[in-house]
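Please go over the structures that come below.
In what comes next, subunit A is part of two complexes: it sits with subunit B in the first one and with subunit C in the second one.
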Partner chain A sequence: MKILRNGKIWAFVLPSLIGVTLFFFIPAAASLFYAFTDAGGRFIWFANFADIITNPVFQLATRNSLWFIAISVPLNMIISFLLAMLLQNLKHRKIFAVIFMLPLVIPSGSIVFFWNTLFADNGAINGLLLRMGAETVPWFTTNWSFAIIIMVFLFKNIGFNMVLFMAGLSLIPKDYYEAAKIEGAKSFATFRHITFIYIMPTSFLVLMMSIINSFRIFREIYLLYGPYPHQSVYMLQHFMNNQFLFANMQRLSVTAILLSAATIVLVIAVFRGQRKISDTFS
Partner chain B sequence: MRLAIVVAVAVLSLIPVAFIISNSFMSDGEAAARYTSKITPESSFGFIYNNIHYMDMGFVPDVISLSAWRLILAQDPTHLRFLWNSLILAIPIVLGQLIIAPLAAYGLERAKSKHKEKFFFAYIIIMLLPMQALLVPHFIMAEFLGISGNYAAIIFPAIFATFGVFLIRQQMKGFRKEIIEAAAIDGAKELQIFLRIVLPNIKPTLVALAVLTFAEAWNIVDQAVVFIRDPYQMPLSVHLSTGLAGNMGIVFALSTLLMLPALIIFIYGQDDLSEGVIK
Partner chain C sequence: MAEVIFDGIYKRYPNGVEAVRDFDLEIADGEFLVIVGPSGCGKSTALRMVAGLEEISGGRLFIGGQLVNDVLPRDRDVAMVFQNYALYPHMTVYNNMAFGLKMRKVHKKEIDRRVKEAAEMLDISELLDRKPKTLSGGQRQRVAMGRALVREPKVFLMDEPLSNLDTKLRAQMRAEIAKLHQRLSTTFIYVTHDQVEAMTLGSRIVVMQDGIIQQIDSPINLYNKPANIFVAGFIGSPPMNFLESCALPWLDLPEHVILGIRPENIALNPPNSANSVNAQIEHVELLGAETFLHLNLAGNVIIARAEAGIGHKMGDELTIGIDPQKIIQFDKSSGKALEIEGVRP
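Moving on, here comes the complex of A and B:
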């Protein structure tokens, strides 16, 4: 009876599981085969991995992607959280929330013309600089291109994440704060023991979405700078895109496997960290 | 101070949209004059130098003109075909997600097996991987099934994207388990519980998922570039960035056209967007 009931429950998961098995698990296993063989199908151990890891272009792309995530994700979370704290009890919150979330849904293809008009070599900002008597800046062909992408990412995500944090903050029961006040808790203590703890589930969600979106910003990078951008914004996705061009399954598989392994490590670290934080503070 | 920050963030959020929409009402000549990059060699006093024309960013057209809109909607309707392509891609993806993801999330939340968290962990990994990494297995399977080059090669993997399962399950954790248990003891079938009790309660999340999935499907670039070979089969998002060759006269009207469906769905679902994700 119990098994039957359990079996019925799995029937709900089945459609999704079939799809994921078909389009992910099975072909991912196939990509393992590519990763350990050469183009002729001969087993060559880790030669493909060694080839990729020592590839300077792959190293550059990995470094850039890591830097991008390491800078953009925390920056995004900190700024949107601070803004949410600041605007917590805002009047007309609903209307502002709509406006703040707007950048998230604007398609990349539409928005790039705006950024291009601003930052191109003959763009509006350089025109303005020149008129003010300053030198023009080649935004797209120097390290500035990295800073611009960080800004584009923040522009797209801060509003939405801020609204999520605001929603999360409004869920914390007001009596907690009142009780803390009565007990004479300092505002930092209140923050540490109430706000910080109860915003954790929201932070976890925002963190996940930030990581996903930090990869998705590749579309803006690609549409703005093309397939061979300045070396500071050459990402893992550029590297993989160019391998798709040659349908180099060995390299593609190895890169995808390395990325998956890195993601597994990251997720385990996040889960452990989350548990540790809620253990220490609560 | 607070008000200043609110207004500043609001204005910043609105500027690009306002820029694109207002510029779509520029006449062809004005848009070209403002935004086409021109370098004209000039000579004076015997020196030859390059005179660079800097873009003249404007928010109000000199003359309000519908010429760009007339061109893309009536005179050259090939552009509408790309809009149609985008719809054919996005609508099945959103509908499929809305059926598959809630079922799976409910099943995973209710199942008593110890292995379910392993599956869920795998789902989280898949959800976090960049599209290019997912495209490798998708590509292998599409070649195997012979659907590479078809929309099916994009639509099916997107329907089974795991973000929706993650999002809905996250919401269900806050759901009152006693209600479900009570209904189950009363002899309600799982499907009844799901349809009558769970679904109505997670409506905001479903709306949020629909809005986010649509925004994503409407924005397809990478998948289309890998799978679609016929340029006329490309979605509008790709056509806009590759098929115009700097025709500034219609860029803004097409950008607006691309933006509109995403905006409409967003505004329709905005009430539930934050509530559906955080609850």
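Moving on, here comes the complex of A and C:
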């Protein structure tokens, strides 16, 4: 190709190409290599995969991660949608939007510090319980830790999704609502036939963002509970992190590949759904 | 079927803007009333107040004898055709048309009968299973009308329903809307900025400017006896020519008078030299069936309608004659018409 023979073009492409090769292609190739070989470098087909899938710690981490997505993502979507519906007709909705967005720009460290002061063994809530004469709760070392993580996740992500939903709601043509009013639709029917239907494309976007963000919750869990948290919040990322610390490249690579595959499948499914929806609406 | 009465209606927005002021109008049962005016004149606001989509800030509005100021849109028994049609993209044509009846819990068989009847009337029976996005602009327009039709409302409201169509289709739909009105003999209120639509459709026309009614009259009276300079200039295409009284000295009129002359009332090279004056052609607009000449008359540019094929050229000098009977006089300061019948020499 003529364009590739032009020397100048490489000056622009090379920096990115080196970066992507060093930090993406080579590690990806290495992961594939590790996933199919043993510690001695012998090719062993899917033995590493079998080892991982039957590993009880991996199973626990997978179960927890799936539970976390299954609970936090719908909750996040429902709450942020309801807030968007509430706020969309308010005069000062932009101010509220900024307030709800704040947790997103606050560093994780500060957020964790806040939740820590609330729920630590000698934290604010236990202090309150003591004052009321009740028994304190070891929030971080019981199943409560899962609920707390859900709260942290919601606190951090609701604002952003709410703004996405508000943008989506404002895109629904006013005419649709006015026609419905004249045609005789009451508020629930209007919601069911218009709002719910036409917010779908936004919902898919929010769904995807929420799933992606749910993977990122590891940072907060790690900062709050350390590398070996209560078993209810031991996520796939903990598992991977610990394999990394032990330099168990085989397990780490297999988990990374499985996680990537699952993510790709999920993203394709969501995109398909979205395409189907937008075909219906455009 | 019902009459609609505006009794001193006002629309004020929170920022103090008055979109409609002191609007008094009685629309008879079965009448086709057109509200016309430039954008921002308050015509759509007036219509939307009838629909219940805008709150009424002052005055009283009656539909079929019932005071409806505080009645919800769905309880007013009106149907509206929107400028952008407002069809629901996820529903088929059938479901779009049936939506209002479903909301009103009409029996399924009755819905089916009415939808099919309306579809036949509008010639869209083959489109019932299609989605709006697969339809042309004209077809969507028909579906929007069908949705209004199936409801069998007391009053039809139309908010610039043809403005998204091309000229040819617009003319065709105009004729169909007129036929539809004849057939249904329901009250129609039709808002447009297009004076051709207003003239061809309305049995009466309301001309609005800046939220105020300028004139309510039949199309022909609006054309021949405009109440003021605004109406005179708005109705008619090309618009009426306005001249200072000194431009036609033989009329011997006072200075505060503005003369209004329709383009077709300017005679070109008349045999009789009385009441005539010289002018120069500045621009020629060929339209096929006729030609519009832009003439320079002592510094004023006026438009005259000429027969096609005479071969007028830019820069030509010609004599124009103006029949004083056909001149409309306006007061310069108030803009009001002085003597509707015209002046005698």
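Here is the rule we use: the second predicted complex is superposed on the first by the 236 of 282 C-alpha atoms of A that agree within 3 Å, B and C clash if a C-alpha of one lies under 4 Å from a C-alpha of the other, contacts with A are read in each partner's own complex, and residues count from 1 in each chain.
Rule of thumb we're sticking to: contacts are C-beta pairs under 8 Å (C-beta built on N, C-alpha and C of every residue); 3 or more make two chains touch, one makes a residue touch a chain.
Because the structure is a prediction, the values reported are computed rather than measured.
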Does the superposition put A:267 against subunit B (first), subunit C (second), both, or neither?
first
When the two structures are overlaid on chain A, which partner does A:106 contact: first (subunit B), second (subunit C), both, or neither? first
Q. After superposition on the shared chain, which partner residues are touched by A:123: those of subunit B (first), subunit C (second), both, or neither?
A. first
- In the superposed arrangement, does A:144 touch subunit B (first), subunit C (second), both or neither? neither
### Task
Classify the contacts of A:253 with the two partner chains as first (subunit B alone), second (subunit C alone), both, or neither.
first
Practice task
Give one of first, second, both or neither to describe whether A:167 is in contact with subunit B, with subunit C, with both, or with none.
Solution key: first
Between subunit B and subunit C, more residues of subunit A are touched by B
Contacts from subunit A onto subunit B in the complex sit at residues 5-6, 8-17, 19-20, 22-28, 30-31, 83, 86-87, 90, 94, 96-114, 117-118, 120-124, 126-127, 130, 155, 158-159, 162-164, 166-168, 171, 201-202, 205, 208, 211-212, 215-216, 218-219, 222-223, 236-237, 240-241, 244, 249, 252-253, 255-256, 259-260, 263-264, 266-267
Within their complex, subunit B touches subunit A through residues 2, 5-6, 9-10, 12-17, 19-20, 35, 37, 39, 52-57, 99-101, 103-104, 106-108, 110-113, 116, 119, 121-141, 144, 156-157, 159-160, 162-163, 165-166, 170, 190, 194, 211, 215-216, 218-219, 221-222, 225-226, 236-238, 240-241, 251-252, 255-256, 258-259, 262-263, 265-267, 270-271, 273-275, 277-279
Interface with subunit A, subunit C side, in the complex: residues 51-53, 72-74, 76, 78-80, 82, 84, 86, 88-90, 99-100, 103-104, 131, 133, 147, 151
The residues of subunit A that touch subunit C in their complex are 173, 175-176, 178-186, 189, 193-194, 197, 280-282
